[in-house]
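The following pair of complexes shares a single chain, subunit A, combined with subunit B in the former and subunit C in the latter.
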Partner chain A sequence: MVSFKGILNNLKQYPLEQGGPIIGWTCTYLPLEILEAGGLQPYRIIPEPTSERADSYLDPNFCPFIRASLGKVLGGGYPSLSGIVLLNTCDGMRRLFDAWRFYCAPSFSFLLDLPRVITPSSLAYFRERLQELKEELERHFEVQITQDALVEAIEEANLTRSLIQRLLLLKGRGDPPLQEADIMDILAEGWGSPRKIFNEALQRLVKELEPHPPAPLNGPKLLVTGSLLEGSSLIRLVEELAGEVVVSDLCTGGRFLEEVPPFSNPLGALSEAYLNKPLCARMWDTQRRIANIKAEISRTGAQALIYFALKFCDPYLYEAPVLKEALQEIGIPVLFIEGEYTGKVSGGVRTRVQAFLEMLERDYG
Partner chain B sequence: MDQGIYVGIDIGSLSSEAVLLGDEGVLAYSITNTGANPRRAADRCLEDALAKVGLDEGAISQIVATGYGRIRVPFASRQMTEITCHARGAHFLFPRTRTVIDIGGQDSKVITLNAHGAVTDFVMNDKCAAGTGRFLEVMADALETELVDMGRKSLQAKRGVPISSMCTVFAESEVISLIAEGYKEEEIIRGLHEAISKRIFRMAKRLRVQEEIALSGGVAKNQGIAEALKALFRKRINIPPEPQIVGALGAALYARDMALGKG
Partner chain C sequence: MDRQISIRVLRWLVRRPSTYRLLGVLLEVLNRKEKNEAYKIWVRFLLEVTQKAYAHRRPVIWMNAFTPSEIAYALGGVPFMPEIIASLVSYLGWSRRPISLADTYISTDVCSFYRCALGLVLEGYLPHPDLIISSSHLCDGANKFFRYLSKLYGCPHFFLDPPYKCDTLGRRYMISQLKEVVEAASGLIHVPLDEGRLAQTIDLSNQARRYMEDINRLRQNIPSPFPGSEGLSYLAGMNFYSLGSERGVDFYRTLYHYIERKVVKAEGYLLKERHRLLWLHHIRPYYENEIFQILGDRGVAVSFEEPNYLYWPSLDPSRPWESLAEKITSNIWAGPLDRRIEAVWRMVQDYSIDGVIHFSHWGCRQSCGGAGVIGDFLKEKGVPYIILPGDGADPDNYSPGQTRTRLEALVEMLG
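This part shows the complex of A and B:
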């Protein structure tokens, strides 16, 4: 594949800090469009997978992402951040917010309350919370987040999502062929890049790949769902072992690629689109998440599912058995992997993935 | 026409095995310690097995490597996981097998398979030593007994002493306290076997376990474990004459498939 990083770095003319105050975020339920409409630069917090400093406070049987984040906070955090916006997705995340304010005292911090249910009243509530976030950002950073700026930010973010969708259609093209692990690496580049430059780089990559002849990938088609993956190594392993990952329904994958539909009220449109996006297991309605996944399986022709849960991630670990049973009932085998937040794949994970692919080749292929 | 020689090599964390398969069945096998160098272990067990039937490497038609060290066997033409190979090996030995319980040196797994010996689901514990051969080794040391005697001794006890801790390190100190409290060695060993078996049983419950069950891996040589598992599963459990070579046998069967153009 053409180096996306190369294209992107050539386009970056100034360091990230010069593109406006940087706001750290962790959860994909945060509409980044609101920050971008205020001239603020979002930056996704994906701490290095070490937690030595946090080990004195949290035992090893706590969420490794929270441990790594707390480790980062105790080490001084991210000096380039002008603020953080976290969501109360789980207890770990709420307490991380507290610890962050205590140890790093960012000049701006906001905990966005995300409803678990999706009803007309929760939508209205979420819209109010987004309004509150917008006003707090305006007050603190002395900016105006106008309707026009919001509309423009949504259009620019829609462009990102549609470009990623186009890239997904180009999988298999190029040399080496573009695969889902590359898409995940590309998404990760976007978390630390100004959106306009990221979009420009995506456009160039699409243009480079489009003339290549279509080249179908031949392995068993797999859907991957789960929580947060550090890097793309697990997806790359599946693809190295000749599985074809058709969807990465992950917090760090291509879970939300639908465009925000046309609207008259931008904040209302954002609250509706984000609350209704393909569900994270943290949300209330497991049946709806199962239905989403079944729909994706029939859309893509996936033959099997790999379920990845970060160690000690309660929302996913509690959901896994229900989802496995629901899919086995329709003849879709499920591989469950409980993983570290290390960016590396252990020998045990390799054996499980390889055995699962061997099973698909022999029995279901 | 010369007989084909198909080889399966299983490089496990503690022991390595080679099986030589002919067109009529198993010709020879060997078992060796893996040690610190899996590649050397692969060479050694293959040489030993070949020497038993007076053959050299030139006679080999096809080699499949399996086990955690499978990627360290450069002369194998294919690597397959021990999960797929244990299922195939157990199905060859006992064609009615639908569940395999493999208790190896450093991990344990439960595999379900269909009537053709193909894997349908599996679950694997490689996170902690409890429920593995290593656990028994540590306990044998604590009790100052030989690993090979544990099965026989446990069957002499009328009941097992409940072992509450399943962490290898804590269970070791618990065993030491039980010795100090005057419990009989046989009862403690039986309690350990019951604790390991319960752990395996709970893991197996995540799958749809069906009869018949086959045991594989070195720990299957321990009759005490086999009896404890039977009591829990209440199902027929088959134990191969040499449970340690089931994975290598499965690999050899896949090597034969490949040579005959079926793989």
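This part shows the complex of A and C:
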């Protein structure tokens, strides 16, 4: 019996501070390697869904993740943070950054400007902003972020990516068989653990799983895309209902697993790799995102797509119907789900997912 | 069936350039008693651009409201801004149908200006764009909506993505984007980019800007010479749509003289002004509503409003790209909230403001997300403040009872 939970629980005994001063972050477009190269410990802000909602600070028509995050910040929920680095991902994130600074005045706060297009000038611009981030971190934390340290941090992060890639290939192995929802839980653990220790845990897990024979999976294959999903409950529900989630293209899923390629200029390489990663809906080119998703569908043989958007998340709300239309044109059914950031799957969503899977079994099985 | 026929007839009428010529004649007659010449220029301007957009003799360039209209004029094109058209449709009381059509397609939680525009697009009322030049500021909606339109219309789309920070690096990036986009667009429509025309456009925009500055100064007078409800409608509309055109200069010059006459006579727009308000957000509800009536009846003037705040420095026709980049990157609603707060505080002081309303338009995250912080800042300064939830274009999202209660609470705070 392989207990990935056991291995991951072991991670909890390593205090995060061990990785250096803790820096809060939110968006996967942030190259964590820069922080890690400076001996700083990144920590992903994903508040428990039960957190206060900051209702008197933000309108009720605001992304519930942002409201929960601000609620937790205001409630003093992140006492160990030495600073924050957010990105101008979306309107919500910009306003979270403002409110965080206004009400809590963290001693270090940086808003990394992330272009929405991928062009030679945007790549150069992003690289310059990464340079600025590096310099600000060096100045504030009195550290040196050397080329060598950057190279080492990229290699270590590449190792995480390749180990997760290997884990993805080991789905269906072990007892109980490893599933996509487990991998999401593993990723979540990684965002709160020192990198080296996390990599060691992943290595152990891969080693334990590899000898197991793969269990046959024969439910309908699904691709899940969308915004940030709190926890893995939706993915787990699909898997419980015998659907096979082949890709979870989510802000909290595997959206950045390609390695940062060899480089002579580490910041240039990070700029290229991060801007070119599979697009999030906040980027401008919806058509390119659709093309990526179609390519993933043909690569994995997915038969359907679940589109998940948090309520009031404009980048995804605007994109959802366009993507739905494009996929229906090629015969891929789409189930659109709006979430409230409650950490649970509501009865209504359960019924809809169940009906969707039944429909797939019937019509495509 | 009858309904289908009448829609077809309506669409046919809306899409005919001559409709706007006829409408122009009719409105000249109806407006002949109107004393505000500038208002008449706005009506003429709007009819003219709409007529040109349907006539299609010049490239029709769709833009979002915050893309500088100067770009379209410099390219010899006709700008077309769907958000402005949506506000007009809402003003005319026609937004329900397009919005409900869009609601079958897109979430009802996104901005109703875009939903209204989408409904108009889906029903085929709007003039076909030759190209789209849009910008990602101010909101995520602007970023995503126009990309979709370009697919729907099958037309090229050029995109500006203003940086968050307004420093040297940010401005340099903005300049390179402007050059890339405008050069590519000019190649596409086969209008070679004439530096002379670009400089002339910048000069026209600047002339208008000078009058805007003077108008804003005049509006500091007590009593308020010009109603905020109009500042939020055609004055803001001209801000978005006309800068870089001769009509724009004409409009602002005329409005300046009109307001100047009022100031000389110490004539306020209310009979008796007791308090002065600042309106935050670049829009108001455009459909029929009682907001300004309730305030006016209680002697509360809306003395100034955020969209008319002049945030950009004067432009230099000999440095057109730099000037445009500076205009875009100094936008107080983009970038950090600190800039907006600073501007709000300046407006409070310059216009002797007694209280502030933040209109929180459902679906506008970029603005509403700052309303709490701005309120706490103002409360610390002792300025009465309310958030007024509502919707700019969707009358079904307007709650008269709740609106009245909030406004009355504000009036009470004002004493």
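Structural remarks
In the analysis below, the second predicted complex is superposed on the first by the 350 of 365 C-alpha atoms of A that agree within 3 Å, B and C clash if a C-alpha of one lies under 4 Å from a C-alpha of the other, contacts with A are read in each partner's own complex, and residues count from 1 in each chain.
Here is the rule we go by: a contact is a pair of C-beta atoms (placed from the backbone, for glycine too) under 8 Å apart; a residue touches a chain by one contact, two chains touch by 3 or more.
On a predicted model such as this, the values are computed, not experimentally measured, just so you know.
Shared-chain residue A:R362: touches subunit B; no touch with subunit C.
In the superposition on chain A, contact of A:S121 is made with subunit C only, not with subunit B.
Set against each other, subunit B and subunit C touch different numbers of residues in subunit A, with C touching more.
Looking at the shared chain after the overlay, A:R352 reaches subunit B, while subunit C stays out of its contact range. By the touch criterion defined above, A:E52 lies against neither subunit B nor subunit C after alignment on the C-alpha atoms of chain A.
Looking at the shared chain after the overlay, A:F62 reaches subunit C, while subunit B stays out of its contact range. Of the two partner chains, subunit B is the only one touched by A:P333; subunit C is not.
When both complexes are aligned on chain A by C-alpha atoms, subunit A residues 321 touch subunit B in the first and subunit C in the second.
Across the interface of their complex, subunit A is touched by residues 68, 80-84, 107, 114, 118-122, 124, 126-127, 206 of subunit B.
Against subunit A, the residues of subunit C that register as touching in their complex are 105-107, 109-110, 136, 139-141, 143-145, 147-148, 151, 159, 161, 163-165, 169-170, 173, 176-177, 180, 336-338, 360, 362-363, 365-366, 368-373, 376-377, 387, 389.
By the touch criterion given at the top, residues 321, 333, 347-348, 351-352, 354-355, 358-359, 362-363 of subunit A touch subunit B in their complex. If you check the complex, the residues on subunit A that touch subunit C are 56-59, 61-63, 66, 88, 90-92, 94-99, 102-103, 111, 113, 115-117, 119, 121-122, 125, 128-129, 132, 281-282, 284-287, 311-312, 314-315, 317-322, 338.
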